[in-house]
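Each chain carries a letter (A, B, C and D) given by its place in the written order, and its residues are counted from 1.
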Amino acid sequence: MIWQLDLIILLMVVICGIAAISIRDLLGAAIMFGAYSFMMCLLWSIMGAVDVSFTEASVGAGVSTVFFVAAVFRTTRRTRD
Amino acid sequence: MKRLGLIAIIIFGGLLFSITFELPDLGDASSPASTHVSPYYIEHTLEDTSVPNVVTAILADYRGYDTLFETAVIFSAGLACFFLLRIPERKAPKARFYRHLTTGLTLRIEKGGRIPEESKEFERIDSAWVPNDVIINMTCRLVVPFVQLFALYVIAHGHHSPGGGFQGGVIFGAAIILFAISNNLRSTTRRLSEKSSALLGSGGVIIYLGTGLLCILLGAGFLNYSGLSVFPGLDPVSARSYGILIVEIGVGIAVTAVMVWIYYNLASAGTQEEGL
Amino acid sequence: MGGMTEHLPAIIVAVPLLAALIVTVVWWFNDRLCFPLSVAAGLVVCGASANLFQKVLTQGVIEYRLGGWPPPVGIVFRVDHLNGLILVVVTLVAFLNLVASRRSAEKEFRDKVGAFYALFLLFITGLFGILITGDAFNLFVLLEIASLTGYALIGIGSGRASLSGLNYLLMGTIGASLYLFGVGILYVLTGSLNMVDIAGILPNLWPSSAIVLAFLLCMGGLFVKMALFPLHAWLPNAYTHAPSVVSSLVAPLTTKVMIYAMMRVALTVFTFDFAFNQIAVRGPILWLAILAIVGGSLMALSQRRLKKMLAYIVVAEVGYMVGGFWLGNKAGMSGAVLHIINDAVMTLCVFLAAAAITIRTGDDRLSSLRGMFKRMPLTMAVMVLGGLSLIGVPPTCGFFSKWYLISGGIEAGHLGFVMALIISSLVNVVLFFRCFEIGYFEPFMRGGEPHSAPVEPGYGAPTVQEAPVEMLFALLTTALLLLLLGLFSGQIVTRVIHQALPAVLG
Amino acid sequence: METIGTLIIAKYNYWAVVVLIAIGLYAMIAKKNLVKKIIGMNIFQTAIILFYVSIGAKRGATLPIIEHGHGESTHMVHAADYINPLPHVLMLTAIVVSVATLGVALALAMRIYFHYGTLEEDEIQKKIIGDEPDKIDSSG
C-alpha cells in the first residue's frame, strides 16, 4: 500500500461523489457516479481487495451505470438540484 | 428540512469521527479482525478445499450460505424489476417506426395500421433511432465475443485467481447488454428471450440450492460439499473443490441472466419493444 | 426420513426458496400451478417449524452448522425457545396469508401471478432466515432479501404506492446499512461474526465507546426497519397504498421479525448485562416507545381510511413491544415476546378483514364500512374479535400480553409506559367502536359514496356477500388462533418464554 | 508533527468513510430529485464497503491467494503474509446487494415518473395534493 497514491485516489473518490450529487443533469450525474465507482475500485485494488475491486469494476462502474443511464433515458434528464 | 438534515448529518459524522481513534490502525496486522477467525481461513483453505484463492473458498464454501442468499437477492431483484415494470404486450405503445431500406424513408405506423413484414425491404427501428451506427456496431460485434470468452475464463479460473461466478456472470451479462446497446433490444431478445433469461436466472439459483440439497440427501449437511465424495474418484477435499466450481457456475448463470433481465425491463420501460 | 429431522432448520429456508424458483419456472408454462405449489411449500414449512419447535422444547437449543463448519468459521443456525416460538407463529401467519391471497392475487396481478407468488415466497424465506440465523452478517443478507421483495410488493400498488415503496426503500436501505456498519465495527473489535462468539469476546473490551457506537448503529438500523416512532414515516403510507394482499402479509410480519432481531442483537450479541446495565440507553428508548404508542394511537384517530388507521395502530404496537422489552424485567420481556406472537396474529386478523372488505367494496374508506355487518357478517365478526384483541378484552390473546406489559411497567416503576398503554387501549376502543358503529348502525348507502360498490341489478336490501372462500378460511382460522393463544398464554409464557429470557432475570 | 502524520496515515481511510457517509446521507435527505437520492444511497453503501475493505487491509501482506506448488510438499502458510480475506467476501455480498437494491429503486423511480411525470419530490407532493384535494392526511 502506497499511502500517497491512496490518498490521492481517495480525494478523487470524494470529488467524484460530490460531483455526482451536485451536477444538475441526471445523465451527467450517472456518468459521474460511474467515475466514482471506478475510482473506488482502483482504491480497493490498491488496498489488496482484488476480488472486491473486480466486482466493483464490473458491477458498480459497469452495470450500475448502464442501469442509471437506462433509467434516465426512459424518464428525464431534468433535475433541479 | 434541508438544514435540519445537515445538522443531523454533521452530528452523526462527528460521532463517527470521534470513534475512529478507537479503531485499530489501518493495516494493523495485529488487530482482532486479522487475528481471530481469518487466520483459520488462510491457513486451512488449501487442505480443506484445495482452492488457493481464499476469497473464493470462503465465498462458496465456508460462508456459502451467505452467497446462496446473495444469489437469491440478485434473483429477487430481477423478479422485482419484472414485477414492477413489465407491461404485457397487448398494452404496448401505439406507434411503430419502420425504415424503408432502399429509399431510407422512415414510416410511422399508428396503432391499427398494417405492419409491414420484417424483410429485406423494411427494417423496424426504435423511435429514438440514430443513423450511421456502423462503427459502433462493428466494434461491438468484434468486442462482444472476447468479453464473453473472458467472462467464462473468470468463472472457470475463480479457484486460482481473482474472480468467480459473480464477476464472470456480471461481465457476461455486460457483454450481452453491450450487444443490446449497440444493436437494438429486439435483436437481443431474439437471441436471449425474456423467458429464457428468467428461466436461466432461476435455473442458476436452482443449481446452487440443488447442490446444497443434494448434500443433505447424500447424508452430509446442507451445503456441505464433502458429501459429494460418494461419487467415484472424489475424496472429501476435491469434492469440496468441485462443489465450489458447480456452485460458481450456477451463480454465473443466474447473475448473467438476471443482469440482462433487469436491463431489458429498465431500458424498455417494461414494454420490451425498444431499448436504449 | 428419520435422518431428515436434524436438517429441519435448513429445510425451513431451503423449501420456500426452492418453491420460489420452481414457481418462477413453472409459471412460464402453466400459471395454474403457482398457487398449489406455494401452498405446498407453506405447508411443509409449517410442519417443519412445528417439528423444530417440538424438538427445541425437548432438547434445548439446536445448532445447525452450514457446510459442516464449526461456528466462528462457518455460519450456524441457532434455534432456541425464543425464535422457535416466533418461527411457528410466523410460518403459520405466512401460510394463512398465502391461502387468503389467492383470489385477490389473481385479480390484481393477472399477468404476473407467478412473479407475485415467487416474491411472496422469497419474502417469507428472508424472514425465516432472519429468525433462525446465528450469524450477525448473515442477518443482514436475509434482511435485504426480505426488504427487497417487500419494496417490490408494496410498490406494485396503484397510485402513490410506488412513491411509498421508494421511500420505504430509501429508509430501509439506510437502516440496513447502519446495521451493516454496526456489525463492521463489531468485527473490527472482535474479529468474529458469529453472535455467540462475539458475545464471548465483547466483555473483555467493555469500557469502549466504539462498542457503544456499534450498539447504537445496530439498534438504530433495526429501529428504522421496525418503524419506531421518529423513524416511522415510511410505514403508514407504505402499508396503506400497498395492494391489500400485500399489506396483510407485510404488516403482521416485518415489524415483528425486526423486533425479534432487535431482541436477538441486544441479548445474544451484546448480552443483557451490557444492554441494560453498562450503557444508559434504556431510558431514552423507553421514552421513544412511549412516544410511539401515544403518537401512533393519536395519529390513528385522525385517519379516514381503514388501512391507514390500522397502519398507525401498527406503529403504536411497535412501541408496545420495544417498550416492554426495554423495561428489562421478566414480566415486561415476557409481555414483549408474547405480544410479538399475539400481535402477528391480531394484525393479520384485522388486515385480512380489511383486505376482504376492500375486495368487496373496492375501497377502504371508513365510510365504506356502512352496512357491512349485514353484507359480510362473518368477516365483520372476525374483525370485531381482532379489534377486541387489539383493545385487550379478556378472552382474546391481546389481553394477556397487555397484562404482562402493564405489570412489567408497574414492576419497573415506569408510570409513563403504563399510562401510554392505557391511553392507547382507550384510543383503540374509540377506533374500533367507531368502525363497528359505522358498520352496524349506518345503513348501506346505495351510490351515496363516489367509490361505493357497483350496484348489482335487482338490488334491494344488502345481500350477504362474504369474502372469497379461501379468505374466509384464513379469517376464521386466525380468529380461532386469537382465542387459542389467549387460552394457552399462561402455558406459553411459563413453558416457553421464560426459558427464552436471559438467566439473569431469574 | 510526526505524530499527526502517523495519525493521518493510520486513520485516513476511516475519515474518508465518514465523509462519504455524510455525502450519501446528505444527498438522500436534502436532494429532492429521486435519482439523486438513489445515487446518494449508493454512495452511502459504498462508503460502508470501503470501511470493511479498510478493516481487511494488512500492511506488508499480499493478496489472499495462497502460493502453492503442484508437487507433494506444501509449505507452511503464515496468516500474517496474506491480507484478511473475510471482509472481502462480506463486501462481495454487499456490492451485489447494493446493485440489486439499485435495480429495484430505479424500477420504482420509473414507475413514479410514469405516474406523475416528474422525478422531483416537491412537484410530486404538489400533484398528490392536487389529485386529492379532500384528503387531509397527505403527510409523510
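The working rule: a contact is a pair of C-beta atoms (placed from the backbone, for glycine too) under 8 Å apart; a residue touches a chain by one contact, two chains touch by 3 or more.
Since this is a predicted model, take the numbers as computed values, not measurements.
A.B. asks: Taking contacts as defined above, which has more of them, B-C or A-B?
C.D. replies: Most C-beta pairs in contact, of the two: B-C.
A.B. asks: What's the distance between the Cα centroids of chain B and chain C, rounded to whole Å?
C.D. replies: Chain centres of chain B and chain C, defined by C-alpha means, are spaced 32 Å apart.
A.B. asks: Could you state the distance in Å from the CA-based centre of chain B to that of chain D?
C.D. replies: Roughly 18 Å, centre to centre.
A.B. asks: Could you give the separation in Å between the centres of chain A and chain C, each centre being the mean of its C-alpha atoms?
C.D. replies: Their C-alpha centroids are separated by 37 Å.
A.B. asks: What parts of chain D, by residue number, touch at least two of the other chains?
C.D. replies: Those would be 9, 12-13, 19, 21, 25-26, 30, 54-59, 61, 63-64, 86-90, 92-93, 96-97, 99-101, 103-104, 106-111.
A.B. asks: On chain B, where are the residues touching two or more other chains?
C.D. replies: Residue numbers touching two or more other chains: 16, 23, 27, 31, 33-35, 37-38, 41, 53, 55, 63, 66, 70, 73, 76-77, 80, 84, 162, 166, 262, 266, 269.
A.B. asks: Can you tell me which residues of chain A touch two or more of the remaining chains?
C.D. replies: In chain A, the residues touching two or more other chains are 1, 50-51, 55, 59, 63, 67, 70-71, 74.
A.B. asks: So which chains actually touch one another? I want all the pairs, not just one.
C.D. replies: Listed in label order, the chain pairs in contact are A-B, A-D, B-C, B-D, C-D.
A.B. asks: Which stretch or stretches of chain D touch chain C in the complex?
C.D. replies: 21, 25, 28, 34, 37-38, 41, 44-45, 48, 51-52, 55, 86-87, 90, 93-94, 97, 100-101, 104-105, 107-109, 111-112, 115-116, 124, 128, 136-137, 140
A.B. asks: Can you check the complex and tell me which residues of chain C touch chain D?
C.D. replies: Those residues of chain C that touch chain D are 137, 140-141, 144, 148, 151-152, 155, 159-160, 162-163, 165-167, 169-170, 173-174, 177, 180-181, 184, 187-188, 193, 233-234, 236-237, 302-305, 308.
A.B. asks: Any idea which chain B residues touch chain A in the complex?
C.D. replies: For this pair, the touching residues of chain B are 27, 53, 55-56, 154, 162-164, 166-167, 170-171, 173-174, 177, 181, 259, 262-263, 266-269, 276.
A.B. asks: State the interface residues of chain B toward chain C in the complex, per the touch definition above.
C.D. replies: My answer: residues 15-16, 18-19, 22-24, 31-38, 40-41, 61-66, 68-70, 72-73, 75-77, 79-80, 82-84, 86, 88, 195, 198-199, 201-203, 205-206, 209, 212-213, 216, 219-226.
A.B. asks: Report the residues of chain C in contact with chain B in the complex, numbered from low to high.
C.D. replies: By the definition above, chain C touches chain B via 3-4, 7, 10, 14, 17-18, 21-22, 24-25, 28, 64-69, 72-75, 109, 111-112, 115-116, 118-119, 122, 125-126, 129, 137-138, 141-142, 144-145, 148-149, 151-153, 155-156, 162, 185, 187-193, 201, 208-210, 213.
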